[in-house]
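Two complexes come next, and they have one chain in common, chain A, joined by chain B in the first and chain C in the second.
Here is the complex of A and B:
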């Protein structure tokens, strides 16, 4: 109680400087919470988007299928084995067949990934219904908005598509852009052309075959030879890592705020305690024990953190609420950025995040107050009063 | 009379360069309870050094100093702190006020350490500030005070807890003669009424004129120790 009083008096006695420190500390706390919240929200959104557009409840991969190696595609297709085929029929699994191809929009040449999917599928949000088309005329395809811009094509544009079938023979056909969709998932947009599954199977002479089977929630996971099931967590691993590194790389601010917090604490506590040597020596000379001195300064430091938490709560709560309810928009296309990213990002701030950050700042402040105070309190008081440098 | 301080064969050396500087050389002194004594001597003669050791802020290099029976050279940090807290009042030559605290809080500090109840603290602080003539400055902080005002706060802080022994290092260096005399008279009154012992370090003639015993120091040695006949 005594030390609480002396510490509080000291805090008040520091006047404007106290409030400056408290504000900087509160800035750091709120900003760390916001940055972490946005990262968390971003990850959650990325998972959500990926599930709605690409992964649903996980995927079976055929043999050595490797999304990063286009040359593995041909060896990583197989006809769908019996137990899975039944689930496909019931609409519990959506097969996707993938092959490399080339398109020639207005005479230019561009390599693409051709992905076959059933037009009637309900599992993913890709607008596949338009892939039905009719047997006459060009084959309908749909592309993402980013891909459309890359190809410099718009709805209903036509162009030549060239591919090799199972036996390596080149073939060509006219295609028509039957739909353009906007998505936050770059891996189904950037470089990808969606086409009717049966069309692609016929074109490549791979009737009944697929590389990937997308699983709906209702489907049971079955062990099948030659196919491996990948959970959403597993499939999102790389993406989430990417989100993390991207956001770490772009949020220099995060580091700045952390440094700012450290500096504020360091200046008002660590440095100040050394600057306040004489004061500490005097306190000891007046009969304070070393333990009391150390406690006095630790309490004083913790009070800074406590005040910062209160001040941060006052101005930070509405801001954090706004960012989680209304969100912030980034004028960037997901595919351009290379990672899944929605137009509007929401901060996902959990009580755990707030508590963790607050506790972190609290503990750090207490420690950087405790250590130097302990060092000085052990000095001979006359030396401390003379201001002898440690 | 009861002895309050015993200085026995005290030697204090400070390391300088690769040798030592002897600030106090074989000092032997004894102070009785209720003493009103002063260490007088030129600058550098060892007055502050001796007061620091008697005040258990520093330790002897050789010899021993007993303060109320406690050997200061052998006390633990906690024991020394307790002794200072309960028995000693220190007036520093350089004031050493706590800059973040107000005048009131500075003077209250020793009472907080003694855990006195709030009402008693308040009464004592205001009373003490009154006799040093600072009642109009209670809320000021040291940075806003003149040298003489700081000195009076330092005096009030040392006196507020009515210690058994006051160690006063040049307490009047920055005071005008009116304040000097008033404060010295109050100290004398406390000395007579409460048997508070005073040991001054000074070369101020005003202080010297009040002393009952003058101990002359030169180059770390006691060269004279005489009682003043009133």
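Here is the complex of A and C:
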């Protein structure tokens, strides 16, 4: 306790220099917590958005279906087999048929992915009810806000859609933008046009067929030949890997912050030991062991971390609360980024994250404080009092 | 009496087209004799007019029916040396910049050739019309001072790209001078205007074709044959991957 008291007194005695070091260290602590919190919040949000808009509780993929190879889509569709068809009828599975097509908004040609989904579905948040339309007018389709901007179309705009049926024959109809939705999931927005499933099945002559079946929580996973079930974890693998990579990338920033703080502490400690040789010699002469003096200086250095934690808590807590409750908005669109990303991201800060960061910073500070203090162990007290040791 | 006269008139007029117009099948036969060849070696120029300007591509092609084709791009400098091999449903491309041969999905054949109004399929398709379509002669019209039969072609099988085509066929030379291609639902998708009909090894052949995607804005893509040899022996091994490098 005595060591702690004297260490604290010497630290406070350093004045502004101490508080500057403490502030930089507190900045490092809060930044680590915020950045990690935002990345954690992003991955949590990405999974949540993807489940609400695209994946639900997983997907069955028809054999050969590869979302990254649009040219293989035609050969990756099949009739829905009996046990799964029953679940489709009960609304437990949502079939999606996908085909390549071309749209001509205002005479411009643009390749799109045409995705057929049942207008009455409730599983995904895509506003499919408007896909019912009347059979006489242009075929209704819905698009994401990003796609609408790409096509330069707005609600109720009409254009020509051209595609090939399953035999390869061309067909074309007029379509109408019946709905525009805003989503944070780019894979259902960027380059995608949603159309009524039965319409698309008739258009492509693929009655009763689908490429994927989206599973609801209530549906049981069944082993069916020719179809493979993919869990949400599996389907989100690439996105989560990206978040992880981003997390590793951002660690560069807090390594820089930490380095700055640690450099300041190391420098202060080295200078203190050089300047306070007489004090060290006196302490040893008065009966303190070299180990106790080393401990004194290590505690003094480590106190920077303790003070930084207190200071960081004072200014960081309201900021972290704000970022958790109100979030931070990003000007970019999710579809431009290519991965699920909401307009507003919230920091997901857990007690584990805070404790882990604080402990990490404390241990690093203690090590950095100990390193220059080791020299004290080799001191001769009489030489130290004379100031001729270092 | 009047009733008999009306019936006679109706019968006569309804019989008229059948009497004056030749059978569609015989016209298609003659068109195939002109246009379809067992082998073809050509040097062609493709002028693509787009909203942002135009570009010209020159290529030399060797083809055998509609199964095998080999193309080497001669111009522009950026594309020069690029080679493309198609065998049945497989497609390979050799790029001199990377010195690599890449296999491309057969579905790519349906994509546009370098931003033009033609797909690879359009360019390579040499299946005789008679094998794909039935034909009915609808009318006789004049195009560019040439008398033509207006023939409606309807696909015989569901896997033909264009369900229906309308052709204006030169009555004397048996070469189409205008073609309109329709979707199954009747929408006009593509139009081709054929001109500069010349004698090539005893056949009439249009040396210039203007392709226009009717759903798209733009002036279309003009394909001109600078040199054309039909039913000529092809170099051995031209349709093998070895010829790409």
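In this section, the second predicted complex is superposed on the first by the 329 of 390 C-alpha atoms of A that agree within 3 Å, B and C clash if a C-alpha of one lies under 4 Å from a C-alpha of the other, contacts with A are read in each partner's own complex, and residues count from 1 in each chain.
By definition in this document, contacts are C-beta pairs under 8 Å (C-beta built on N, C-alpha and C of every residue); 3 or more make two chains touch, one makes a residue touch a chain.
All values derive from a computational prediction rather than experimental measurement.
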| item | value |
| --- | --- |
| Partner chain(s) touched by A:282 [first = chain B, second = chain C, both, neither] | first |
| Which of chain B and chain C A:381 touches, first, second, both or neither | first |
| First, second, both or neither for A:290, with chain B first and chain C second | first |
| Partner chain in contact with A:228 - chain B first, chain C second, else both or neither | neither |
| Partner chain(s) touched by A:13 [first = chain B, second = chain C, both, neither] | first |
| Residue ranges of chain B in contact with chain A within the complex | 52, 55, 57-58, 77-78, 81-86, 88, 90, 92, 94, 96-102, 105, 109-110, 112-113, 115, 141, 157 |
| Sites on chain A touched by chain B in the complex | 2, 5-6, 9-10, 13-14, 278-279, 281-292, 378, 380-382, 385 |
| Residues of chain C defined as touching chain A within the complex | 51, 105-108, 110, 155, 157-163, 181, 183-185, 187, 189, 213, 215-218 |
| In the complex, chain A residues that touch chain C | 69, 71-72, 74, 102, 104, 106-109, 160, 162, 164-165, 167-173, 205 |
